[in-house]
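Could you have a look at this structure, given as structure tokens, before my questions?
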Amino acid sequence: MNKSSKIGVGVIGAGRIGRLHIEHLAQSIPEVELIAICSLDAVGIESLTKQFNIPKTTIDYTALLADPRIDAVLVASSTDTHVEISQAAAKAGKHVFCEKPISLDLEQIDETLAIVEKAGVKFQVGFNRRFDASFARIREAVASGEIGEPHIMRITSRDPSPPPIEYVKVSGGIFLDMTIHDFDMARYLIGDEVVEVYAIGGVRVDPKIGEAGDIDTTVITLRFQNEVIATIDNSREAVYGYDQRVEVFGSKGMVTAANPPTNTVTFSGSEGSHAASPPYFFVERYKAAFLSELQAFFACIQEGTPPPVTGEDGKAPVVMGFAALKSLRENRPVLLSEI
Amino acid sequence: MNKSSKIGVGVIGAGRIGRLHIEHLAQSIPEVELIAICSLDAVGIESLTKQFNIPKTTIDYTALLADPRIDAVLVASSTDTHVEISQAAAKAGKHVFCEKPISLDLEQIDETLAIVEKAGVKFQVGFNRRFDASFARIREAVASGEIGEPHIMRITSRDPSPPPIEYVKVSGGIFLDMTIHDFDMARYLIGDEVVEVYAIGGVRVDPKIGEAGDIDTTVITLRFQNEVIATIDNSREAVYGYDQRVEVFGSKGMVTAANPPTNTVTFSGSEGSHAASPPYFFVERYKAAFLSELQAFFACIQEGTPPPVTGEDGKAPVVMGFAALKSLRENRPVLLSEI
Amino acid sequence: MNKSSKIGVGVIGAGRIGRLHIEHLAQSIPEVELIAICSLDAVGIESLTKQFNIPKTTIDYTALLADPRIDAVLVASSTDTHVEISQAAAKAGKHVFCEKPISLDLEQIDETLAIVEKAGVKFQVGFNRRFDASFARIREAVASGEIGEPHIMRITSRDPSPPPIEYVKVSGGIFLDMTIHDFDMARYLIGDEVVEVYAIGGVRVDPKIGEAGDIDTTVITLRFQNEVIATIDNSREAVYGYDQRVEVFGSKGMVTAANPPTNTVTFSGSEGSHAASPPYFFVERYKAAFLSELQAFFACIQEGTPPPVTGEDGKAPVVMGFAALKSLRENRPVLLSEI
Amino acid sequence: MNKSSKIGVGVIGAGRIGRLHIEHLAQSIPEVELIAICSLDAVGIESLTKQFNIPKTTIDYTALLADPRIDAVLVASSTDTHVEISQAAAKAGKHVFCEKPISLDLEQIDETLAIVEKAGVKFQVGFNRRFDASFARIREAVASGEIGEPHIMRITSRDPSPPPIEYVKVSGGIFLDMTIHDFDMARYLIGDEVVEVYAIGGVRVDPKIGEAGDIDTTVITLRFQNEVIATIDNSREAVYGYDQRVEVFGSKGMVTAANPPTNTVTFSGSEGSHAASPPYFFVERYKAAFLSELQAFFACIQEGTPPPVTGEDGKAPVVMGFAALKSLRENRPVLLSEI
């Protein structure tokens, strides 16, 4: 690709994440030109196109894919459409940035990855947390040997409040909707593959989540090929806010990533000292990471390098999610090779 | 017991913990009179008796138990002697403070507890960490409902360096030697019983530990009756020092106990900022707790109240240790009722 | 002003701060239209206009002021031009955002403020730190009475490295170049006026700064009308990075603002624990604040409200700077009324 | 002195500090024998002698000094008796540990130091904070060059609540009663002499303190011979507890000592996170330091080395206190050479 020309981009889906991507594309990534948005929400999209001077809108993603000015698409529509759109985009020769999960069907994932490979386009999955400065620092400390050989990892990942029950019902369950990010983080931080998963959990936050067939509280143990043992703990509701921490312990030391504060002020009064809550939720917490993942995607297009989050990276956490579900149901550790 | 008269005390065993108890008894607990020490180490004991003006020493614990001035004994000898001495002491009408574990044999524990009960003496087990100010604050936050219903607990417990291999061989294994403290802490902090244990682990610190039939790195998942899920992670070697942290997450908040610093100084230089290591090991970290547990023991003698750590509290972590061992060997969650 | 139409903006000066403003105007403030840039640096400006599609560039600020599409100007040129340009802009009916200091000549400041008032345009001074989230939280705690009556304030403000000697020579000296921000912060946080200043200082960082007639290390004591006592300490070189902290102590408590970390990771190793440095310098540290001050400026234009940092706010720290200089020279506390 | 025999000790004065010394002597310093206590409080002393088996009590300090078994005395009586007793003790050949201040009369201090020198006994002043682990670490960082050349120091020293007004009236004023500790800390940490003092302050906590002729809030600036500039800020009432912090900034870095927490627990709830208060007051905060200063005193007797806090160290802060008082009254910096 000619580095001097701008990359034409289309965005498919304009929900919460889609809008964030649109904002970043329009304001903060000078090397792209945002050419078209595809959204079924005609009203909501109007203000967006006006605010950011977007030339073209459509409710038909095939029309968007037919536009020759578009070099790359961002797939931020609902999960059940990811596979169809990603495959069509790849076949149309567009580079694809696809939100997680690619699909909840492993065969469809494999099919998609095969089509992408055949098409020779870039395919990046939206695991934005890899681009967080603190987690990147953790990865560096592990990869560089700063902490020696890693032995134990702990990931804490708790949402500030549960999603609507209607969402829970179609989410694929906590492992594929929420823990999937932590599964990716686990693989990324350790730089190795998981071989076995043990999940335990229950309904502690809201009985309606249980009625919807899901759980809201879980602790998952991972065994890696390289013998690292990791735990992930999730809750759908941490009243003190979005809790995203990581710790890796190794033979030469330990690295821990704490939650960033919304401000650095401590109040000390007669009842002790008091500090601010963490940023509200993922949009606030990972704002810079959402931007960085797009910058990395466009950089790999411009420079012809592999995407930093591959299709395989998109598949592995789905496998882990199914293993966790099986483990929970059968109350035993489950090998990934069983999935 | 007449509160105005001093409690006569004998100490059996003068190793590292025994000496610490002797020092506390001699210096910091005015309501007791340290009457006799029993130790097989005739040389080492001489300096102790001289330093603290201890009237009587013996290598025969039965002689110590025969002394009518002695109201209570501290059993700090090797684990394999706890049962015999505790039983003899109870039969002699002495109150007993017994170091953990009571025994690695559940039948012997039951027998001992029955003898103690029949004798009507106080029996306290040396789970000193319950008396740490930070962990006591955690317990209070859970018990008072400050964090609402507890959902998830994490205990990190890592030693600064592994014990000698000769010790490892007779220790009973990591679960009964090291994790046993964390098992007690788990029960204490949540105030409920564990029903199931899942243990995963390996040899990451020193192959000699593996050759001795033990592991040095483990992560244990506990399921409580009240649905709390807890993890304990242990390592025999944390190069940054003795790592003893706890976190309890509940419906209304979270409490975390960090490691105390040896000093509060931060150095900021061109490479970032630098803070001090935690206290070296358990003697330094839990010095105040070791004193407090003795004060609590003598207070319950004086006031006729039940000991804060009962015989049942001494037994439960041993059961959990056996369950963890079984889980590790069979790679599956194990119910305590299976033990 | 019609809220639906965009505010036409011209920027005069394209040095470090000017470029930051241009970037923010072009990318992150949708309610403005960046119409023209005036800069003497014809080469540097070309890449800017290309990157951000800026319609017009000029080396003659009067040409910029003559453009009727321009409603407001940002004056980010060298200090010695602030007065001339601000006055011309006000006379041309443009709203003015002027970088600090307005001038190092109090008469010229007064003259400028009079012209601005007569012209009826908005005039805001670039004290960006007021818009930092942590300092805003400190101000709130003081203003709301959360800490009761304020008694003592401490401001630490240290640069990562000294500016070039050529800059030092024309800077107006440390008090008017560097401390001026802290003087503003002091007035803002306490919400009251300073009556007396005592300054002590010396040359500790670089003898060349002394040869240039300036100092590089200083501690200033302020006495407020409301009896608050404040200290400001400055250094031109903190090897650990840009150090910007504030503490206000009052009858009901204390608030402290720490430096934000560049990441939240702590490494714990055999030598203790290690945390990251603060953001490099003011562009990194106050990035969000630089944007917020512009947003506030345009909001007051749109809403017809007074600017959050007034011309008087621009003058007062200059008076304090002269008082500090007099105090340093005469080694005695100096009343602001002496200036 | 024969290291194998115990040092006979008498304590004169059994108020708050006296009792703390007695407790330490009786329990924690095996190399001494506590032989006699002199106190005017016959009732209070009885429980002490009983608790600690002290052989002899008296209301006449000359009787105590006449006891040949006594090698050293601790003078913890009221300030106005320090000189008389210290001089008599030295003349009687006893080593003297004298609480601060030696006296509020500089001539009497000089006279006392001359008598001590002539008598050839050890004389240590009770500046206990030098023995705090965190402040000792700060001193080490300065002395070793770890922070390069020191430039700026800040000492924050605030009491949890003001003393009774009756005490304020006879205390000698805030500078000689409270700041005196910080004056000593300043000299100790920098390892250099102060040449000039500037004090500013007022009555913010309690008007009764003003009526008693004292102030309760002050900020003092110190100029050292080696050009270090230091500030000390004091308040008689910090509602969040005893606040004792230090920061030294130098050419190669900065060291800061924070307040230790009473426990390491953080509660995170919907209103942010909450941490414990610092230890209540000096007895709690400096418990270990109070013991260490006595151990150092007896070590220097046993080893024939100079005391770690000399008579000159006892005098210098009194000179600084008078300079601060003069500075406050005359609102100008005052040279110590003026006193």
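In this document, chain identifiers A, B, C and D correspond to the written order of the chains, with residue numbering beginning at 1 in each.
Just so it is clear, a residue touches a chain if its C-beta (ideal position, glycine included) is under 8 Å from a C-beta of that chain, and two chains touch if they have at least 3 such contacts.
Quantities reported herein were computed from a predicted structural model and do not represent experimental measurements.
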Comparison of B-C and A-C (more C-beta pairs in contact): A-C
Identity of the chain that, by mean CA position, is farthest from subunit D: A
Length of the line joining the C-alpha centres of subunit A and subunit B, rounded to whole Å: 43
Euclidean distance of C-alpha centroids - subunit A vs subunit C, Å: 39
Distance between the centres, which are taken as Cα means, of subunit C and subunit B, whole angstrom: 58
Residues of subunit D engaged with two or more neighbouring chains: 239-240, 252-254, 268-270, 276
Of all residues in subunit C, those that touch subunit A in their complex: 27-28, 30, 51, 133-134, 136-138, 141, 146-147, 252-270, 276
Complex interface listing, subunit D residues touching subunit A: 239-241, 268-277
Parts of subunit D lying in touch with subunit C, wherever the complex brings them together: 148-149, 151-152, 154, 156, 158, 198, 200-202, 204-205, 217-219, 221, 223, 227, 229, 231, 233, 235, 237-240, 243, 249, 251-254, 331-333
